[in-house]
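In the two complexes below, subunit A is the common chain; its partner is subunit B in one and subunit C in the other.
Up next, the complex of A and B:
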């Protein structure tokens, strides 16, 4: 007797259809028994355009911080995911990126942009979409009241705090008559306005202010505007031509007499200080938001951070000594991600409906002691102005390396509130 | 700084700018003169020259001077090949129709720029100068390499001039410029002349970029300014006139150097653009251009 196993012999088509349906069901159903849905963070990244050097390192720092956060259990027990979206360092695209991250990728919030024109161009859209927008921009536009309740800067100090806390040291150690060279846009204007004010308050004088368009490629023509009486040349430059700027400055002064030079490391971010033509920088001073070279007194947290991001003791990539980091700024990405974690956890953040709770939780933050979450050092957050305050470092170039010579206190950098965002409606 | 040294520095900077500008603009002018093609992608040929120079100097295991010399030969050659291909694959298919070629070269501009972004990356990368020599004057220091740039540009321009006026190929190009159809009737292979002209134009832009890249850095967005300035120069000098282009490059370069140093670089750009407007109103064919 022959036994039929199946009542009907299935045709090949039916088998295939069945298998296909099974696959589809498995695919759709998978998330149900996977772990909790991830927290999705949007990163507005300067991957291309004039901010690309920063973008490259901001992405690496974000990835490293993400790994640390996920290894420690994520946020509220949920895994964290970052969606990177390039804004071309362009304000118009910046606003589009904000839109895309929120509407298409359903990100819980957005963080990461540096360039002030992009931040100023994008923040209004974030406000309209009612999505938290955590910037790493240094500009005074956050604390100055230009932006909105949804925009915060908890990971890096602003230019006003930076320059006003350092001005006394510059006046006391380098000279009283200062000439400033700065990029001619919002970020540079913050330098111009607040450093000038701080110098005058300290009994010094800014003898000339030389504004350079941020897209400029040739700088020698600006240098003769530096008055002879200048005792301190204060320079800050951004964009792809920073190396040209510093080199031409060196050519201009050459071996002749030159004033004391105090620069913002922005003029040399992602640039090897040992590049040919930069020898004249020996003995000059720099502001650093975070010391590029590993200092003798580096904390264990800083050392762990450096290793996690993949930066060697000279501030270059561990895999390519020529790939110099934007070390003075990129800690802000690391710290901002940790603040996002802390904020979401204290708000009991569940999903996009809790965005307002998250903003309120960050606004409630105050002291941020130095830790693995705050590797640059201790900070104090001002919930009213949405701005964080911290230490600044002044380094001197000695033997081709940046050596820290002064650390400002947090109190030195605090100024009266210019805005109270907490009184604004959501 | 007192007036004398100030003026000297302005003149030096202006001369360097004029030299590089002349080289770039002559390429644009040649292409327009012979082919009647307004090459909007000219600035990208310049950018490609700089980017290729970076690749050559980075990967060739020679000392800086030799690596840079190699770049000065290899980068313009590669750009010339790309330009010649562009001509045969795109411009020729459009029958050199003025509107269509403008649109096509705009497209090419973006393709080259994005290709550079993809294969070279978004960073500005320095090319080591062939030599480090700084002239220390009593008032300021100046890069000896910049003077070398002027010298090299003059040599290349002289070679182009000789080529156009003394060689048979130059004669053929000029004949094609004067009257394409008659030239064809006399057995001149116009297709080859066009491809050659476009290649030469691209190569000149690339050579200018190789000269400038040890001063500035190679960056995928660096083509904008040279394109704009080249157009300014070519319009003032007269489209298609090499002599006019050279004179205009000198005028624009020096005035830019002097105005931007004594007043501001923005004012220099405003004046240059105003000059273009005035030329277009009162002498549309340019200073040295033939009447259309």
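Up next, the complex of A and C:
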């Protein structure tokens, strides 16, 4: 008896031959994996909670990077697995997830968290368990010295470096008198403090700092506080009220004269820049950690990365044009996984007993040239502060798309070391 | 066996079982148990206010956070060591509960819930506003040098478990003594019929204020211990979620039972931990479980058990 498969009618002999060939092929392809236990990487994921929009894309990026790494032979000839655990974007649950990934799933290390409070809440437990904890958070808390030797940020430049490198271009091209609008909590305060310092160092002046309480859902009462003399309006808002803020900013200025507007794309991560109400953003500028729209000079690595993660040229999912990615941040997951591979191979990592060697191997890294492993661009890693420094991008909204107009230098982002983790014991 | 003997036997057996569990459980679950014991202390405090005295507060996150920051801020800014810092946290929780009680206890019922919720929200926003001193939404790490108590490093699993157990045991036994004391009876009288208690000569305001302050002491101690044992102090512990959680623990385990808060915290912790392995909607599962509980066992597990089997259960 034969069965009809996909419109053809194979004979029993053909089926057996096919099955035999399949087994044989599997036999050729599998010897490396068959010998070696997989490297298990724990991913602390913001699948639910306030970070869910980021978490969804972080997971996709991790899966794409995992496929690339495994297709290239895994790590030290071993296949790689990722165990995802949802932390609810909550620091208490985050610490529990660290525990679960290490003690229950026996992961070799942990990576992936973005939100600062989750990182700071989880890092102590990672340090106690002596497990490498590689964060994708862009917070200054790693390089600021608050954490421990097991916590590193090798995949994304921190906020202090980002805003410092941005300031010279803003002052030279948009104006010298800056008004800042930022959320009145730690993330916004990092922007306030470091950008103000960079502006003053560059000969500019911050004429007003408008702090918006985190519970605000409407911003109309804050916008009149923007001084008339303002030449550049610097805005950085996060959370669900972002869209309201940007729309109200548009309504406030209408079609009249407005200052140059410079924002952090955090305000519009996972939001379509062509959404109704955002028309006034035409001609304004944004910081981007990684250009959402595919640029004319995109490298082959960038194009390969975009295809692997499933993002179209506009920065949305290839399967749903309305599903806009968190492109400016999620590259950090891809790059961190490649750094894990490089670090483990450099350390000759065999198992959890080699965790310390892995940390030392990453600490020894310096130059990271642009490649498939570093798709966002070249970087320099500071092993003492456990922080990486890379190029940043300034884009202008033109025809509803973000078009890159400037790439900052790595040198502009570097600041004096605040800590030397290598002097701390394991 | 008299009821008193049964009560002490049961509670001491539970303590013995919890203590022994650290040697039998895998490390992951042993650390979880340490967390659960500290959260159970928080819930025991909530139970004193809600389960025994009938004060349905939605502001206990404020007292928990008061303990956490009462411990953490002196460590961070003044270099305090663990013992004085823990005591500072305990006192901060109790004192703040007393102050809030002075104002909030002028109301009752739904108004009391709203006023306590309002105070807690104000406390949370204050923590964010005073970012320079509190670390704002990010919080801060408790220095490892301060996490040493009587020579034991609280960052190690055994010392952490023993410390959590000591606090849990002390909290449980103190609660048992309290609810079986004349004052405990008066607390229950407030819950059952405040007007009749007043007619008998008791001052409801004073009794409720004292109960709320004791509840705040528990919450403060739990907050301080959580920060000290797990090395992190953050404003997320002051959010409404941490006012709701002890209420859920108490409702699940059995309001007005001494062991209920521990049982509720234990079950709720693992309900989240296990269901999150299978679905992203684990909080929906938790919600469904609670709806089922309210429909079929409104007095919680131990409350139902007391009603049907162990009538002597305190």
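One rule holds for everything that comes next: the second predicted complex is superposed on the first by the 387 of 426 C-alpha atoms of A that agree within 3 Å, B and C clash if a C-alpha of one lies under 4 Å from a C-alpha of the other, contacts with A are read in each partner's own complex, and residues count from 1 in each chain.
Criterion: contacts are C-beta pairs under 8 Å (C-beta built on N, C-alpha and C of every residue); 3 or more make two chains touch, one makes a residue touch a chain.
Here the structure is a predicted model, which means the values were calculated and not measured.
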{"item": "Subunit B versus subunit C as contact partner of A:276, first or second or both or neither", "value": "first"}
{"item": "Touched partner set for A:265, first subunit B, second subunit C, both or neither", "value": "neither"}
{"item": "Contacts of A:110 with subunit B and subunit C, given as first, second, both or neither", "value": "neither"}
{"item": "Touching partner for A:92 - first (subunit B), second (subunit C), both, neither", "value": "second"}
{"item": "Touching partner for A:64 - first (subunit B), second (subunit C), both, neither", "value": "neither"}
{"item": "Contacts of A:48 with subunit B and subunit C, given as first, second, both or neither", "value": "both"}
{"item": "First, second, both or neither for A:228, with subunit B first and subunit C second", "value": "first"}
{"item": "Which of subunit B and subunit C A:187 touches, first, second, both or neither", "value": "second"}
{"item": "Touched partner set for A:236, first subunit B, second subunit C, both or neither", "value": "neither"}
{"item": "Intersection of subunit A interface sets (partners subunit B, subunit C)", "value": "47-48, 213"}
{"item": "For the subunit A and subunit B complex, residues of the former touching the latter", "value": "47-50, 52-53, 55-56, 213, 216-218, 220-224, 228, 240-241, 243-244, 248, 251-256, 270, 275-277"}
{"item": "For the subunit A and subunit C complex, residues of the former touching the latter", "value": "47-48, 85-86, 90-92, 95-96, 99-100, 103-104, 116-117, 120-121, 123-125, 127-128, 139, 141, 146-147, 184-187, 189, 213-215"}
{"item": "Subunit A partner contacts - residues on subunit B that touch it in the complex", "value": "1, 6, 9-10, 13, 17, 117, 121-124, 126, 128-129, 132, 134, 136, 138-143, 215-217, 219-222, 225, 257, 260-261, 265-266"}
{"item": "List of subunit C residues in touch with subunit A within their complex", "value": "26-28, 31-32, 35, 125, 128-129, 131, 135-142, 155-156, 230-232, 234-237, 273, 276, 280, 283"}
